[in-house]
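Input: structures, listed below.
Next come two complexes built around chain A: one with chain B, the other with chain C.
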Partner chain A sequence: MSGKINAAPQVYDVQQTVRRESPTDHDDSVHDPIDADEIYELIRNINDPEHPLTLEQLNVTQRAHIHVDDANSTVLVEFTPTIPHCSMATLIGLCIRVRLLRSLPERFKIDIKIAEGTHQSEEEVNKQLNDKERVAAALENIHLIEVVNQCLSTASA
Partner chain B sequence: MSDARLVEAAVFGIEQPNNKAIEIVDDIASSIESGKSTLLHHVQLLQSYLTSDASDVRSKGTQVLSLILTKLSKDAFQKNSVSVLVTFLTSRLSDPICVPQLLDGIHALSRLPFYGTEEAKQTSLSIFKDVHVQSFQQRTRNVAFQIIEKIVKDHPKTLKQIGDDFVLGLAQMVDGEKDPRNLMIVFQIIPALVERINIQKYAEDLFEVIFCYFPITFRQKSDDPFEISPDDLKVALRNAIISSPYLTTQALKPLIEKIEATSANVKVDVLDTVASGADKFDQKELLANFENIVDLIREDIFMTSDERVLEHALGALTALYASISSYKDSQVMNSDAMDVEMTSEATIKQNKLDIILDEANVQLTSEDLSQCDLTGKIVEAVARSCAENFVVVFNEIAPILFKRFEKDESLVHRRQIIVALNRLLKVSTELKNVQSALVSFHDRILAVYRIESSSNEDHEHATLHTSRLRGIQLLILLDNFLTDNEKHLGIKTLTECLVNSDTDDSVHQKVLSYILELADIFPNNICTITLPELFKALKSTQSTKHVDRITHSLKEFGTKKYLFSNIEMSLIDILSTTGLRATSELYVARLIQELTHSTLENNTENGISGSLMDSVATPILQNVIRRAENQCPFELESLKELARAISFIVSASSTQAQSEFIQHWLPLIGNTVTEIKPKDETANISIMTSAILCSLDPKTIISVGDMAGWIKHIAEVARQSPHSAQRQSACEIIASVINKTSNSSLRLELANSISGAPPTPDTNITLFCWVIRALAACKDKIAYDMARSLLTSTISQIPKASAEAIAGYNLILASHPWAVTRNTKGVLKLLYQQRFYSEIVPTILQGFPSASKETKTYYLMVLSRIFQHVPKTILMHDIEKLLPLLIEALRLTDPDLKSTTLETISMVISEVPNLLRLDLTSTIIPLHLESMIPSAENSIAVRCSAVKNVRLIADKFTYQDLQPAMYQVLKALAKAADDHKRLVRQEVVKCRTKWLLLED
Partner chain C sequence: MTLILVAELEGHKDRVWQLSWHPSGERLASCSGDRTVRIWAPSDPGLLSADSFPEKPAPGAWKALDQIESTHKRTVRSVAYEPTTGKQIATASFDGTTSIWEYDEYQGYECEATLEGHENEVKCVSWSPSGQLLATCGRDKSVWIWEAVGGGDFDCISVLMEHTHDVKFVTWHPTEEILASVSYDNTVRIWKEDDDDWYCTKILEGHTSTVWSADFSPDGSYLVTVSDDLTVKFWKAPSVKTSSEIEFVPDSGSWDLAYTVPAQAHTRPIYSVSWSHHASDSGNHGLVATGGGDNTLRIFKTVLNGGRDKTGFEATLVEELKNAHGQYDINCVKWNPCQKYSCWLATAGDDGVVRIWYYTA
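On to the complex of A and B.
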């Protein structure tokens, strides 16, 4: 028997690309604001800690669950654990946070939350994920950061 | 030397490291071949050695004899001699010292036509009786197995005569073998043996010595000259195991045990063996273990995260259920009491299906449907096993799915149910005679696939929608299930989704693939339903994204041969009417060009270009002229696309067709390049003239009477016309004509008449560069003189023309859609760009150190243009000399120059990073970081290239090299992460991650 929390998760089809090239992409006079598609592109390929599948394949992250306000420098990412008792939810949230911290401009305030009603310890996990000190402490744990880097290796490929 | 002395020398020299003995044996063999001596004579000479009491002398004598036998061709032997030699050699196999040499001799004899049943029998029995094969080295064992393989394949009578003892002998011979090369032969012997004799008596012995290798693992060495891959060995062993029911029956239980193995590779091997041997297992044994084996496979399906295991497990299920079905048929045929047998076997079969169906029932009615997808796959695998099983499975599962669908409102669950039903429909399109099972559920099936309105924002909605569309496609593909009217409605539904601008991107991609699949079977329906809708939307839409989608769809349909002309005609028809948005018109023109190109590329039929001349080129030209006359001309970009289409057609046509074509069109449009036109719309038609004339074969004659005079007229237009398109077209035609003139003196004369070197303030620099292009492509020396004079004279004498000259260097070497290119049969000699580089760059390198600041900039810009078109191996050759210039160029402010320089530096970082080590942190990195800051000089391309290079630097240098610059780089990257262009940010993300994760 497998010791995985969710041994056989549902796998979804993935999109080849999120965004088609636009004619203004190469026009330096046009400002491209950071939008949900750009954030989604950053996190869709993060690996699940348990399976060799991406968060997009598991439908943990969805384009519709990302809210960005470039002008006010805020990002809110909601994610949906594959099962309500998923003990990996905090780790997945941490991976998303680290990925965004390493990718977005420093001016952004990043909020990571579990989509409402999709996890039994939703409140507790949200609290952990958005507590600066706890996140900083977690990232000092060498073992944990190795796991996070492992999950992010596919995202930055 | 006498024969006796020769033989003696061969025997005593055979183990010497030099090849003298071998040469002697060669001489002996050739003397036998030529009839100067006989084989018998030499055997007699060898007799004393062959029967010597000294074992080493016996062995050497035998080796010489075997070697002679190996070297001789089949004509050197007589029937009697083969028989005598086999008897002699096999009788001595009990002498272990000589076995390796004896086997070599027998092996040489076994390939001869005189080596018959009796000889084969004698050989096999002696090897089995006297040779303990496994006590010898690999090579000897290999020869023994090769002899046995030859006997098994070529001497079936021998096998029959020896019978069971052959099987036992082989089993004993193999026992303990470890070498993959030998095992490969053994595994290949067994299926051949099974085909020829009954192995029942000693099947257990044979099974034991081969199944012990299962699952076989072996690591192939990279330099293995035998090239036996682990997969070859695996497949050969599997074929051996499943070659006979006597072997597979014994394999069943051990295989069942091995299914539980933890390694995915082993699992896949076991599952494949089960699938391959399913119809060969003893049926009673299989039935007794069926539930157990299915349970184990099902557990694998539910628990594995390895796609391969899943795929092979499903394959094994299909094979197992197919074998149960074929068993029933054969038993009924042989039964006297048919009804009784039918009943009992139908029950058995139902029981076995129930193992799957009961579990599926539980899963498909569970509250969360968590295993619905895998259950659907299992049910699909079982249904695929045969038509009969499909009917039973469908009758059982479909009602459960319908019921659940009617009651369950959850989008996720509905999609899962549709996907499961789609799987069964897919199977029904693959099997024959199963459609009738679906008919009774006709209405309930259609109810599932009724399209609901969907929200585009929602991923779940989109996937549900896609599953439904897939189902509709499958229903259309089913024979005799939908009425013609229903099929029509189905294709219409798919088309609506394809055409609708609100359709989600992922849904659009899928629905396009579904309709494309249908197009092969129902081309008429696609022509009457889908294409008209696409054209209608193309004419009416105002959204560029929508036009992009429609033209993409049309392009996909256009690649189907039977739809191409329909689409191409309609597109040209659309262009004849005005009112289309300029962007749409450009998309349509590009589509015509792309379809024309792909049709000519993929279609090797004779006459295709001729038919395209009539159906595509002519109507396009008529359209272009008519619209110019009606004051509603095409935009320049659209004209260029259409001109490319015409260029493809003309260059693919025969010289005769080309002549006829220009005879018709030159009088109509030729004046667009010989006369200066007052209006832009007429002047722009010159693009079409250029495309036609530049695409002509060098042998096609342009009938203009006085060619030199005609060219001069065109040159005048190139210099004087106020319309840039007309000037450009005139230059292209001149260059093309010069380039295609095969007589070099005539070519030179023509070039001189247009443009003499060095350039003067009156020289038209662009035309001058086009002439250089035409001549440089032929590697004409004058081209290099002209280019050097352009380099030295322009900047000093005509500074205002230097910008034009810099652009000109790009023009000389860059590719062009039709003028002086290979595609249009231009004369482009091998490595002409490299030659140009080697002629011009030394002049720049020589002049650079003493040049003024202004000239230096000019030189660097010229260099950057040349670099773009030269292979990197050439650049790398001179890179040490060029590097200081590259660093200098990074400090300049021209964006194009910077961008090209960064690309060249990227090559240096990749290929010869050591060259940069000294200046890395002091110069190279700081210059790159400065290039990341948005400004007029740091264009998007510059910033992207700079960031890419900084990432590459992190790859190519050690932590110690990079450490001093780390803080500086991360700070600059953090700032660049807020670049206002997305393309730059995307590169920064990759680069920043790389630098953040650098470790000592």
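On to the complex of A and C.
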């Protein structure tokens, strides 16, 4: 037995979406707002901590669950754990947060949450993922950050 | 009313977490994710007593005085000047230790003692007003009380294990040996000693998310708390009112909720609160500053005998400064503890900068 939390997750088809290019993309004089597509591109290829599959392949991240308000510099990413008792939920959320922390302009306030009703400890996980002090401490934990980096190694492929 | 930015202190290489004023009010210590503590002071001490200020921060008005290249292996989360002489500085770190530093004219800051015991991150250290007791708290859900035993050393006299999640912040009552602790478990606890035994006299419930910080009013008759639930709550100390003075009777009753600044005041978690040391008369109860994840610095005026029925306690917003640290979170706000310098406010942010403000009512 593999001992994995979810030994046989359902795998979803991946859409080979490439972000559509806008004519003003290369014009520096035009403010280029960060949008949900851009965020999705950043996180869809994050590797699941348990399987050699991406968060997109496991349907953990979905484009419709990303909410961006560029004018107010806020990003909310909701994700769906593969199973409601997934003990990896916090780690997955942390991976998404770290990916966005490293990629987005510093002005953004990032909220990471579990899609409502998809995890039995939803509130607990949300609280932990959005506690800046706990996140700061986690990022100083060498072993944890190694695991996060491993999950992120596929993200920018 | 105006808030004037007097100085922007740059030097930390990571976010600044906390600030502590020297008891003289003429120095400021800051601690950071870069594992150092920096000491700042006005270049000209006369600046503090000056009564006019430039419109823009004057370059060089404040300077870096000293630095503790700490031996902490991780973030220094909390810093506290010893409150009677300011000769020592306590630091608390995510590395699980608390250190006591003493200033030596020739050697600079030297580590006198390292207090070990917390299982992991220490989140706050606070000195009792007498300088005889130290409180620390951390991720391991505990609050530790330490007693000075001379020679810069401390003995642990109590470990309080009643919080159910990490304890974020501890602070001492200004006149009584009473400690307040606030936690990720959404509660505030009030601790007191009875015959060498520290016990929880009261659990303050009402916040619906993590409580990040707290501060007593200078006379100790109120406690203010700020939270992830975006509210600011004021709690009234147990007291009986005699003629004109408030007599503090700790066991005379409960710490009742006196006033809540509704959630609309802040739009992201509130990380810090500080009660000013302005002279207060019977009505005016001083100013309370708050700062947090919405980048906004707010100042509330507190009054007794306010509210609709003129009997209650009330806090009204008198100053709101958006982007006080640009687009970054404000992690700490701290009024100068000296009454003569009570218009001075220091703030620290995720931008790694410490800002010094002058507030005129």
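Here, the second predicted complex is superposed on the first by the 153 of 157 C-alpha atoms of A that agree within 3 Å, B and C clash if a C-alpha of one lies under 4 Å from a C-alpha of the other, contacts with A are read in each partner's own complex, and residues count from 1 in each chain.
Following the convention adopted for this analysis, a residue touches a chain if its C-beta (ideal position, glycine included) is under 8 Å from a C-beta of that chain, and two chains touch if they have at least 3 such contacts.
Predicted, not measured: the structure shown is a model, and the values here were computed from it.
In this superposed model built on chain A, chain B and chain C occupy separate space and fit side by side.
When the two complexes are overlaid on their common chain A, residue A:62 makes contact with chain B while staying clear of chain C. Comparing chain B with chain C, more residues of chain A are touched by B. By the touch criterion defined above, A:34 lies against chain B but remains apart from chain C after alignment on the C-alpha atoms of chain A. In the superposition on chain A, A:42 makes contact with chain B only, while chain C stays out of contact range. When both complexes are overlaid on chain A, the residue A:149 reaches chain B alone and has no touch with chain C. With both structures placed on the common chain, the touch criterion links A:107 to chain B and to chain C.
Vectors from the Cα centre of chain A to those of chain B and chain C enclose 150° in the overlay, to the nearest 10. In the superposition on chain A, A:133 contacts chain C only, with no contact to chain B. In the superposed pair of complexes, A:12 makes contact with chain B only, with no contact to chain C.
By the touch criterion defined above, A:51 lies against chain B but remains apart from chain C after alignment on the C-alpha atoms of chain A. Minimum Cα separation between chain B and chain C in the superposed model: 9 Å. With the contact threshold set out at the top, residues 106-107 of chain A are in contact with chain B in one structure and with chain C in the other. By the touch criterion stated above, chain C contacts chain A in their complex at residues 15, 33, 74-75, 77, 94, 120-121, 123, 139, 166, 168, 184, 209-210, 228, 268-269, 293, 327-329.
Within the complex formed with chain C, the chain A residues making contact are 73, 106-107, 109, 127, 131-134, 136-137, 140.
Across the interface of their complex, chain B is touched by residues 1-2, 4, 7-8, 10-13, 15-16, 20, 23, 25-26, 28, 31-32, 34, 38, 41-42, 51-53, 59, 62-64, 102-107, 149, 152, 156 of chain A. Within the complex formed with chain A, the residues of chain B that make contact are 302-305, 370-371, 373-374, 416, 457-459, 463, 466, 505-506, 509, 544-545, 548, 934, 939-940, 974, 977-978, 980-983, 985-986, 989-990, 992-994, 996-997.
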